[in-house]
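Read from first to last, the chains carry the letters A, B, C and D; within each, the first residue is number 1.
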């Protein structure tokens, strides 16, 4: 936030503020409704009643990038989809994170050919890779929990 | 006078869009790849006059994975992994049609038990695919609770699949010549549990939606598809059966032992979104009937043919017989050669006719494997159905023709 | 699919009318038709013989073999009579031409766009011949046999560094 | 008599102050980095065709006006419903007349086809 830049590091005050801000960011992270392929069905399974992503503050899957903080790339990204994915990432507001769900998004997975981008980290900076083809809903939730740890350890300056 | 010059992004679209759009009277809008109700990455270039859809140009290819090219680079047994990800709601159906094509190409026999288990799993997969369709289609029409109910039920079917093949969705459980492994002992009562719970569940969904006035207003008389148009445009599956034609490949060209089970083909005439919904709900009940009959008459016996030229021997034999080791080694390293022949095998997937044109060239790798996928063909009807319709109804129509983009883009 | 009686009659009728050669090609009964006669064959099949659905339309590339390099495969289905017929059209050379059957079967529109996109077969008088599966500015036709698979070397520990240098990074 | 309206005044003041405070602090302190790609209009991931703010047909405006009109009518119901008991028959007739007047307007709009879309 701008306040820290002006006041600099004030020990107790800013760290507690940092914890509060990171805690609120981690626990109210709205994913973007961005299902591509088979992993999207497992993501919907994770969102639905059995595995229930809303226990982790992800009640809403916001379709528009303006209101979402987390982009879960669920599925294989083809060459034709790459610029769309990059534009959606750019249109998301500042504190944003990317979870690349599934092998196809993380490294091209089963498809090593002309049509698939070999790993989404060629297009967008990825925070957490979730392995599996498709990863079980528990694996996705585990990936999201690791993302929460990462967010809780972030410094405010990163997004300031 | 031209209100304002609308600059069309790609020049080729100019002849597709009416000149009202170019003068700026109608709005050109992308209902694009990232949209909550396009059931995947389908892009529709809509020409809107206010809320009315004047013209709708589908643009697919955002999920093109080059599966057909990749299959040509793998041996017959290994290429089956590719087939799971095509229509990711009907993975068992893709495996089935690929195995049937390979078996027809190398004319490999399949034991009766394997055929019956294949029928059971394909029908269970059909129910789970219809559940996902029902969930998302009702979600598009704002029936949130149906989505949660459907996925709760679907988990039970995924548990059965995981119990047998170890994977919830991408099972690759069928192999050319039969099954990968035999059924575990708990399979029987797990499927029995599903069989006597599901009819009540389907009544629950029908209670929620069938006589719901809002649902009826949103779906009745919208997206009319006549039988003649359906056949001319090659539409198959529930979308065509919703228009009143009882055309079901499981009855027309029975495969994998379907002729032993009696079930009736769910049809309803009217051809709009509502009848397609009724057809799919009825189809779920029929699938339950088939699974019940197949489970009652499940024959015992080998689960995979022991034709050593194509089917690797069971591991127990490797310790004892030398030929088994030779077969095992040859099959897993190089694969079995297929004759220079081509076969076309159509199968009834939850979306329509799913066909594989498989061509061998004497080598261990498929020379050409063309997938005739129903979503690719059924999607062509969208512009025809969506002339002069509200945008909200277009959402209902997309939901009713039940497209899966992995299926359409291959 | 052996030729049963009704199919025999249809095939022989095609043979007399359009010089189509029924042939055992790779173990299956099918009809080979010359490229310029395909539209009339499709029309008579639909009107005269009741093949009212074009189930599938695709192509096969026999690359080193120059003379008929491509085979365009038409799968016709008579819904009422429960009959299936496969028609193959051999095309020569690298940039072959083919007439479009969208006038007879409207659902051939996307199939033929896919033929152009994947095999580079130019389809004459097609309503709007654009790429359907690949991006608009893609070069080359992927499903041709001489088109590489686009295989990227897999990153293991021994070749991690030099691949890491070449790996494209997201530019902010 | 004015005393018992004090809590409502305090409530209104606090809520407006809080709302204004949040917006102003967010505006002042929040980092603003408008890149051209971020501020481009969002059209489900594709390059937008034409400008973001385009000419909208007049029917949208017509529907909006009709909605506001009948929404205000409902707003007048609320205070009436609170004191409905004390007003007795007079209140009922008064509100009935009010509703009939607006009903005439509604039927007129309906017959003129303002509610039909095309």
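In this text, a contact is a pair of C-beta atoms (placed from the backbone, for glycine too) under 8 Å apart; a residue touches a chain by one contact, two chains touch by 3 or more.
All figures in this text were calculated on a predicted structure; none of them were measured in a lab.
The minimum number of touch steps separating subunit C from subunit D is 2.
Each of B-C and A-D has its own count of C-beta contacts, and the greater count is at B-C.
The distance from the centre of subunit B to the centre of subunit C, with each centre set as the mean of the Cα atoms, comes to 22 Å. Between the Cα centres of subunit A and subunit D there is a gap of 35 Å. The centroid of the Cα atoms in subunit B and the matching centroid in subunit D are 45 Å apart. Chain centres here are Cα means. That of subunit A falls 30 Å from that of subunit B. Residue numbers of subunit D whose C-beta contacts span two or more other chains: 45-47.
Each of the following residues of subunit A touches two or more other chains: 65, 80, 84, 88, 112-115. In subunit C, the residues that touch at least two other chains are 133-135, 142, 147, 149-151.
Viewed as a network of touching protein chains, the structure does not reduce to a path, ring, star or complete graph.
Touching subunit B in their complex are the following residues of subunit A: 32-38, 40-42, 44-45, 48-50, 63, 65, 75-76, 78, 80-81, 84, 88, 110-116, 133-134, 136.
Across the complex, subunit B is touched by residues 43-50, 54-57, 59-60, 117-118 of subunit D. Note for the complex: subunit A touches subunit C at residues 79-80, 86, 107-108, 112-115, 118, 121-125.
Residues 25-28, 52-56, 58, 60-61, 73, 75, 79, 82, 84, 86, 105-107, 109-110, 128, 130-136, 142-143, 147, 149-151 of subunit C are the ones that touch subunit B when the two sit in their complex. Across the complex, subunit A is touched by residues 133-135, 138, 142, 147-152, 154-155, 167-170, 172 of subunit C.
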